[in-house]
Amino acid sequence: MRQIITFASIHFVMKAEKVLKKEGIDIRLIPTPRKISSDCGMAIETHYENIERIKTILGNQKCSMDGIYRFDEKGGYSEQKD
Amino acid sequence: MVSIDLMRREVIVNKRIDGRGLSCPKPVVMTKNTLEEMEAGTIEVIVDNKPAVENVSRFARNSGCEVKVREEGKNFIVEVTKRETSEVSKEEIVCQVEPQKTGKGITVLIESDTIGEGSDELGAILMRALFPTLLEASPRPQRLIFMNNGAKLAVEGSIYLDDISKLEKEGIEIFVCGTCLDFFNLKDKVKVGKISNFFEITQILVEADKVITI
Amino acid sequence: MVSIDLMRREVIVNKRIDGRGLSCPKPVVMTKNTLEEMEAGTIEVIVDNKPAVENVSRFARNSGCEVKVREEGKNFIVEVTKRETSEVSKEEIVCQVEPQKTGKGITVLIESDTIGEGSDELGAILMRALFPTLLEASPRPQRLIFMNNGAKLAVEGSIYLDDISKLEKEGIEIFVCGTCLDFFNLKDKVKVGKISNFFEITQILVEADKVITI
Amino acid sequence: MRQIITFASIHFVMKAEKVLKKEGIDIRLIPTPRKISSDCGMAIETHYENIERIKTILGNQKCSMDGIYRFDEKGGYSEQKD
């Protein structure tokens, strides 16, 4: 299951990418899908299993996430509130 | 502005040319002959289609004349003013055919705040020449995209703001890369154009009839 | 690869629509009606021309369906899979007319590993947005050329490899400047595309309907 | 009334722009209008009122002007000889 994380600014995205890659988490920078409304043009894609670890790491880094979206293989998606 | 408009109407028209129903190059040839016969002054060329407007206007501009166009019912009136200094063009008359494509015209992609490599000082001068000349070019581009350092041209304090706003007022669509503004922390400083995302920018590039990358 | 191919053939087709001999928007309307009637599943739309393929595919993609196209003799079969989550598009149906040109479509020329001047960090972000958005753009470019630092995008370790490979799988031709790979000692590291020479690259550029230089 | 000043070289234009802006004079760099024959592709546009001051300043800087043209609102223009 694909998970897409959005941020309020490209600077958060870039910082998150750096930090998460350093931690060895499998992530990908992607243009924010059209369907998701976000102020920021890029987002981070990862697997469902990584989400909790990402939340912890980014929380420690004060790199605040804007939204977390779950995409199924068929292209459907839902926002994950926490 | 009103007073300028009034002044325009007081122009003395020395001759009217009826180019309705005629196909290129005829209206252009008639314009050329009339311009060659007269010393200085203003003529009006009436035509009934847009390509004819373009063809006559282009020829007149190349001849150093001033050109103004207005619509009158189904027709267009091209007002051509010859000055003492105008030189009637000797070049071959160009007939631009009816635009073949229903497409999205010319898109200019501006990826920097200077033009070209070598000297940035010169590159900045070239950029300052770009916008006023685009305004006079024919056909005019329909869309401008500003990316990377180019996005800085559209924000508060930019010396290009007036020129870019003028293009926008003339109906040219201006798109500024939102992520670029975000990156430079300039998102709330943008003064002209629409903030655009990657999907929109790529779509504009592929659907243009032609992309000019600066 | 073979197993994936086998899986594709096992798709259960719930309905077949015959759109042959019909002009847009008819095949699209038929597709729309069928998609609206069904919960989820796969339909096949048979059409006999490329614009119809494009029009049906675009509509289906906009409706959140998965689209696969295959040729069968002179016809094309558009396989549309509706998921539970698909939402049939309410937008106006777009009829793209027959491509005016017999040409070679759009070529994208990538001469660098970043987009634009100013910040290379931002330029790299812009490049990362390019390939996924190209995949969704319509019309899609037919060819990509990678030169100078651009060639590095196609080699082992490049973060763009997945995205570029996806474009190649979708039928977009990828050409990588062989001399550039040679210069960077990367010739044996290239992972996607065809290693190309100057004559071929120049030929691609001149025969394209449009070149988008990045 | 718009006044357009041409120069023999782009170096003079750039120098003139720098000097005049420093002096707080309202000027604009523009591509030399088609109608004016000039060796240099860029020119300086200003208001009529600034011309005498500009002449003085540029004279002191040995930044020689090529021509001064007066444009009326109708787009007509005349060269101003001195």
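In this document, chain identifiers A, B, C and D correspond to the written order of the chains, with residue numbering beginning at 1 in each.
Criterion: a contact is a pair of C-beta atoms (placed from the backbone, for glycine too) under 8 Å apart; a residue touches a chain by one contact, two chains touch by 3 or more.
Nothing here was measured: the structure is a model prediction, and the numbers come from that model.
Undergrad: Expressed in ° and rounded to a multiple of 5, what is the rotation angle of the C-alpha superposition of chain A on chain D?
TA: 120
Undergrad: Between chain C and chain B, is it the same set of residue numbers doing the touching on each side, over half shared, or a different set?
TA: Mostly different residues form this interface, as fewer than half of the numbers used are common to both chains.
Undergrad: Please tell me the distance, in whole Å, between the geometric centres of chain C and chain D computed from their C-alpha atoms.
TA: 53
Undergrad: For chain A versus chain D, what separation do you get between their C-alpha means, in angstrom?
TA: One centre to the other, that is 55 Å.
Undergrad: Could you state the distance in Å from the CA-based centre of chain B to that of chain C?
TA: Centre separation, chain B to chain C: 34 Å.
Undergrad: What whole-number Å value describes the gap between the mean CA coordinates of chain A and chain C?
TA: 26
Undergrad: Out of chain D, which residues touch more than one other chain, so two or more?
TA: none
Undergrad: Could you say which residues in chain B touch two or more other chains, in rising order?
TA: Those would be 177, 179, 183, 198-199.
Undergrad: Give the pairs of chains that touch; include all such pairs.
TA: So the chains that touch one another pair up as A-B, A-C, B-C, B-D.
Undergrad: Can you list the chain D residues touching chain B in their complex?
TA: 10, 13-14, 29-31, 34-35, 41-42, 73-77
Undergrad: So in the complex, which bits of chain B are touching chain D?
TA: 4, 7-8, 11, 61, 64, 66, 81, 83, 85, 121-122, 125, 128-129, 132-133, 136
Undergrad: In the complex of these two chains, what residues of chain B are touching chain C?
TA: 100-102, 109, 111-114, 147-150, 152, 177, 179-180, 183-184, 198-199, 201-203, 205-211, 213
Undergrad: Mind pulling up the chain C residues that touch chain B in the complex?
TA: Of all residues in chain C, those touching chain B are 97, 100, 106, 115-119, 121-123, 125-126, 129-130, 133-134, 136-141, 210-214.
Undergrad: Quick one: which bits of chain A touch chain B in the complex? Just the residue numbers, please.
TA: Going by the criterion above, the answer is residues 9-11, 31-32, 34, 39-42.
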